[in-house]
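Naming follows writing order (A, B, C and D), and every chain is counted from residue 1.
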Amino acid sequence: MAGNTIGQIFRVTTFGESHGVALGAIIDGCPPGLALTEADMQHDLDRRRPGTSKYTTQRREPDAVKILSGVFEGQTTGTSIGLMIENTDQRSKDYSKIKDVFRPGHADYTYHHKYGIRDYRGGGRSSARETAMRVAAGAVAKKYLAQVHGIQVRAYLAQMGEVTIDTVDWAQVEQNPFFCPDVNKLEELDALIRQLKKDGDSIGAKLTVVAENLPVGLGEPVFDRLDADIAHALMGINAVKGVEIGDGFDVVNQRGSEHRDEIHPDGFASNHAGGILGGIASGQPLVAHLALKPTSSITVPGKSIDVHGESADVVTRGRHDPCVGIRAVPIAEAMVAIVLMDHLLRHRGQMGA
Amino acid sequence: MAGNTIGQIFRVTTFGESHGVALGAIIDGCPPGLALTEADMQHDLDRRRPGTSKYTTQRREPDAVKILSGVFEGQTTGTSIGLMIENTDQRSKDYSKIKDVFRPGHADYTYHHKYGIRDYRGGGRSSARETAMRVAAGAVAKKYLAQVHGIQVRAYLAQMGEVTIDTVDWAQVEQNPFFCPDVNKLEELDALIRQLKKDGDSIGAKLTVVAENLPVGLGEPVFDRLDADIAHALMGINAVKGVEIGDGFDVVNQRGSEHRDEIHPDGFASNHAGGILGGIASGQPLVAHLALKPTSSITVPGKSIDVHGESADVVTRGRHDPCVGIRAVPIAEAMVAIVLMDHLLRHRGQMGA
Amino acid sequence: MAGNTIGQIFRVTTFGESHGVALGAIIDGCPPGLALTEADMQHDLDRRRPGTSKYTTQRREPDAVKILSGVFEGQTTGTSIGLMIENTDQRSKDYSKIKDVFRPGHADYTYHHKYGIRDYRGGGRSSARETAMRVAAGAVAKKYLAQVHGIQVRAYLAQMGEVTIDTVDWAQVEQNPFFCPDVNKLEELDALIRQLKKDGDSIGAKLTVVAENLPVGLGEPVFDRLDADIAHALMGINAVKGVEIGDGFDVVNQRGSEHRDEIHPDGFASNHAGGILGGIASGQPLVAHLALKPTSSITVPGKSIDVHGESADVVTRGRHDPCVGIRAVPIAEAMVAIVLMDHLLRHRGQMGA
Amino acid sequence: MAGNTIGQIFRVTTFGESHGVALGAIIDGCPPGLALTEADMQHDLDRRRPGTSKYTTQRREPDAVKILSGVFEGQTTGTSIGLMIENTDQRSKDYSKIKDVFRPGHADYTYHHKYGIRDYRGGGRSSARETAMRVAAGAVAKKYLAQVHGIQVRAYLAQMGEVTIDTVDWAQVEQNPFFCPDVNKLEELDALIRQLKKDGDSIGAKLTVVAENLPVGLGEPVFDRLDADIAHALMGINAVKGVEIGDGFDVVNQRGSEHRDEIHPDGFASNHAGGILGGIASGQPLVAHLALKPTSSITVPGKSIDVHGESADVVTRGRHDPCVGIRAVPIAEAMVAIVLMDHLLRHRGQMGA
């Protein structure tokens, strides 16, 4: 049972390989009456798009999304929304050499053994290029959440390698190619990326997603808690190895008297919980963190084997990001927006409000 | 749309409140021909059961599970399996005082606002007591995984407060009430719990789950990756605030050349990935970590409000664990087993093998 | 992937064999705040119950349903509702003779070949006894639909063998053991049943379900149309071989100018469509018909084979209905009510109204 | 919760309006290794295609389907398959007059009231044009069923108006534009269509679908029985008002001794059941019938109202089929094939065989 759909009521199903004809998605369950044009999605697609800065891969795709259905005279109609991005810049020869080799740290090995066949061009379905459709669908969710409920979903780079941030200035995030909220760390980030390029190596990253103005009540215990579904959505992004809500792993060494968020008549006194209690949104800002591993597409040679089990040295050439975490900022926002949108409709379905 | 079901093909649906008549579950999709008796579930239920050691809550429930259907002459028949545990020790008066007050850090506040009504006795559905049925269902999955595929799912306490472990000796885990794999830390753990009881406070914990002997191929990209579904299942356990796969948040400061697991003709050279590549099991041991917050049911008074918005001081009396993380060991195993079982059947459905 | 769940948002999952310990169900997604007691379900259970008249099987089960969770102080809480009926009158020896024989027209043959193992006592899971839980769950749906939306779901016997009805007098339906709306046909029905008992034979039946006061808009094209989901629910009742909406198979010989329901400013001029257009409720009464085959549990000997493929003559003794269609009236109502309830919540989820 | 997906493991999700940019589908869960090209789908698309004979609508669409993903070097890869058909012949002005009027018997009225907005051009999403993607997806299922399991799914026209068939000669079905298996009825059918065109009217039809060589065991009681899912799939086709399995409504007047299919050591003696017992395939040919209403798109004027509730006379001009049942033959095959494919994988998932 394949798993290319996310969401129960606001349901997003995607298709597409890195070097196939096109990427696409169907959004099913979007409420009617939402003003929607391609431009609403293009902004986030451009934020995710490769080739937009010297810090990311130089593959150049316009990533122009087309609405194929579900929108009439500028408004959603409640029917399924078809989306498509045609692939244009597919330099397949970059990859032909490694067709029979499993790049260490890649999904080559597991796709080969699971399916017995794989589109090896650019990683096929396992390529991060697949996430473009998540961003497009997430943009629809973000627009609905913002317009109808005033909910805002944003993310930033919280750490890259040893470079941590000291302050969160949201105004800064969109002003630099790192989505970094601390202007004082831009030079360090720039230096780190330069060094990695020189070394032909890569680095991990930590992102933080914040959703504000959530209504109390989103989340469906006991299994489809809001935090559980956010964990599912974020862990399902390529390269993610960890997800935290609120204080996350710091809770291991906290005491109950310190961790619990006291409540005053005018609101919560703190937000260690990250906006979720018992799996249900408390109305406080939802705070989630995610850790992305360093990409394995590096030019430092690595030991591996080929499909026949023979030893092989692998160097991944082609166009790759030294830190895939950077471009994951709009992807993380999109995934959280899709989950929130779905839970908004799920809650509404059961509760009628 | 309520969320009391987990799994797609091996589907577990649960019901039950802490102080209701009974807890129950329906397992749908269990293959026929599996030898199954109540005893198969009782072992794990006893491991999770309150009142078994001085380190956990003193509520005494026999937690005797009954099979109501789906098993005939000692074997599963392929039809839905009904399970029930009757509640016997329901001291409701312990809780009557806090009926109109939101205990800080609890789900009281969010259940009240989501549903407009809640069974306040013992936390109702939000009580950790609900997890008994997860453990029962997980035991069925564990048995099938072990018998049919030789897959073993185990967990241990990796950290409590500042007490970390130095070695993992699986033989130790079931020998002490902490599920601690390091015999040298038992005294420290004992001292910490004593101190917490004296202080009327609680502490967080970190657990590690390991699944061995997995076949390559489990996991359904791009959304229902194995890691994504494990994150969903583990984050959906009461009190969990963080989930990691393999190196988890340590990847943020790793380089690609360091993180990627090289492959030799005789196997992988390391397991930074925690057994999952591209969302699909690689055949290496699956390693997941989870962080559990300190329970908010403590006797240290806390500021809160009542249902009328008035200020209130809250002391949670009753019988509670100073560290809910301890008893979460069998729960975490159960959730991972349910996910693996489901993915085994999902993979089999699409692939025919 | 087993199929013991129906509904997407109002979800009913059942378990239980004819001669097992108990039958049970979990209702997930019932909105909170609905007043609910066992008595609300018992009425319909009694209507379906065997042994209540001389026209149906003489197995005597009190069919006393118990609410195990999800209701607090007389109201649903929005959490999952656990229901159970204990089996008491299980005369297993009636069936022991046919343990290795496939009764012709029964599910024995297919269960045996599908699962490789089956609970042969009383038909196990394939017994119509399973439908008791559908009726219990349907009663919850019926109560919500009636109280919150004024929707009424009722059914009647439209035909048994050659006995057709001439008029529909709803007041009559609950006044006779046949659920027959035409008082002038009671004698013929009585005579037919007597004859069948004498012959040791059985007969088919046709039922009609009508749901009134539906809001316009229920139904989710293009696949989960309201009519499609009603067809699924009704065809899924034991013994059903046909389902019609509105004019049903009569449309084959109708002209478009005759079939289409014209609309006047004060409403529709006719209801050939049976209340559904394009898969969506039009607000007119929803009318569905279903055909139930004659039960195969008869004493007329029949040719069959045993599990070894050897020829065998089969006589089904035990306690059986000459016309299973009669008792299917409350079952059909329940299934339609469950579908309507689910679609009400589905519509509400997407549309917010 | 929108309903544009069918299937649980072999899942088909569609989008597209009659006069939108394109129609499309995503097939998720198709096993890898199936040889697949556009030509495999084009054959059935051409059978369904308008404008191919004088008996169907004269709208001319090449209906050229394009595979966008999921196929590599001529074989499916196990990843999601994206399909698209661009709309080319969209004469929107035909429909502009009826933009504010509800055509009697159409979905105009219900779409308007459900969504508050609708793409009125050519019926938008409610147009039968939507079924093109079902046929494309069904062709993939048909190919897999045939190649891997030798299962054949075929359908024919069983009745149109008063014209019934006397014999079923499969060789005839593809030799005439009516999909009629009885060569002696072609003249009558031709005459009937001519008359209808002259009258500006339409007529209903009955189709029969037969699936041969099914393995015993497909079907998932108690709700997702094979017959229940087939009823769902067939009732979900535009214009369908009735579905029967095997003897269908004829069972109402059958006796048990007559209806039940006796079993001999060499097989079943009859097939009243239509190949399904207890909701599970018996291995006999699966036989289903469906009734399609006469299309409401006729030039005979009809009374209706406009969106303001005012009285209006409606004449539907444009290009329409006098009998939509004819072109529904490949659609019905496709729906049954999709259900069988899904159940094959569902069965395999739970049973492992």
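As a working rule, a contact is a pair of C-beta atoms (placed from the backbone, for glycine too) under 8 Å apart; a residue touches a chain by one contact, two chains touch by 3 or more.
Owing to the predicted nature of the structure, the values given are computational and were not obtained by experimental measurement.
Across B-C and A-B, the chain pair carrying more C-beta contacts is A-B.
Chain centre most remote from that of subunit D: B (centre = mean of CA atoms).
Rounded to whole angstrom, the centroid-to-centroid distance between subunit B and subunit C, based on C-alpha atoms, equals 38 Å. Subunit B and subunit D have CA centres that are 46 Å apart. The distance from the centre of subunit A to the centre of subunit B, each centre being the mean of the chain's C-alpha atoms, comes to 26 Å.
The set of subunit B residues touching two or more other chains comprises 1-5, 8-9, 14, 29, 32, 78-79, 114-115, 125, 221, 345-346, 349-351. Contact residues of subunit B toward subunit A in the complex are 1-6, 8-9, 14, 102, 104-107, 109-111, 113-115, 125-126, 130, 159-162, 196, 199, 201-206, 216-217, 219-225, 227-236, 238, 240-265, 269, 272-274, 276-283, 291-298, 300, 302-305, 309-311, 345-347, 349-351.
Remark: subunit B residues 1, 8-9, 29, 31-32, 78-79, 221, 345-346, 348-352 touch subunit D in the complex. Looking at the complex, you find that subunit B touches subunit C at residues 1-5, 8-9, 11, 13-17, 20-24, 26, 28-30, 32-33, 66-70, 72, 75, 77-82, 84, 114-119, 124-125, 345, 349.
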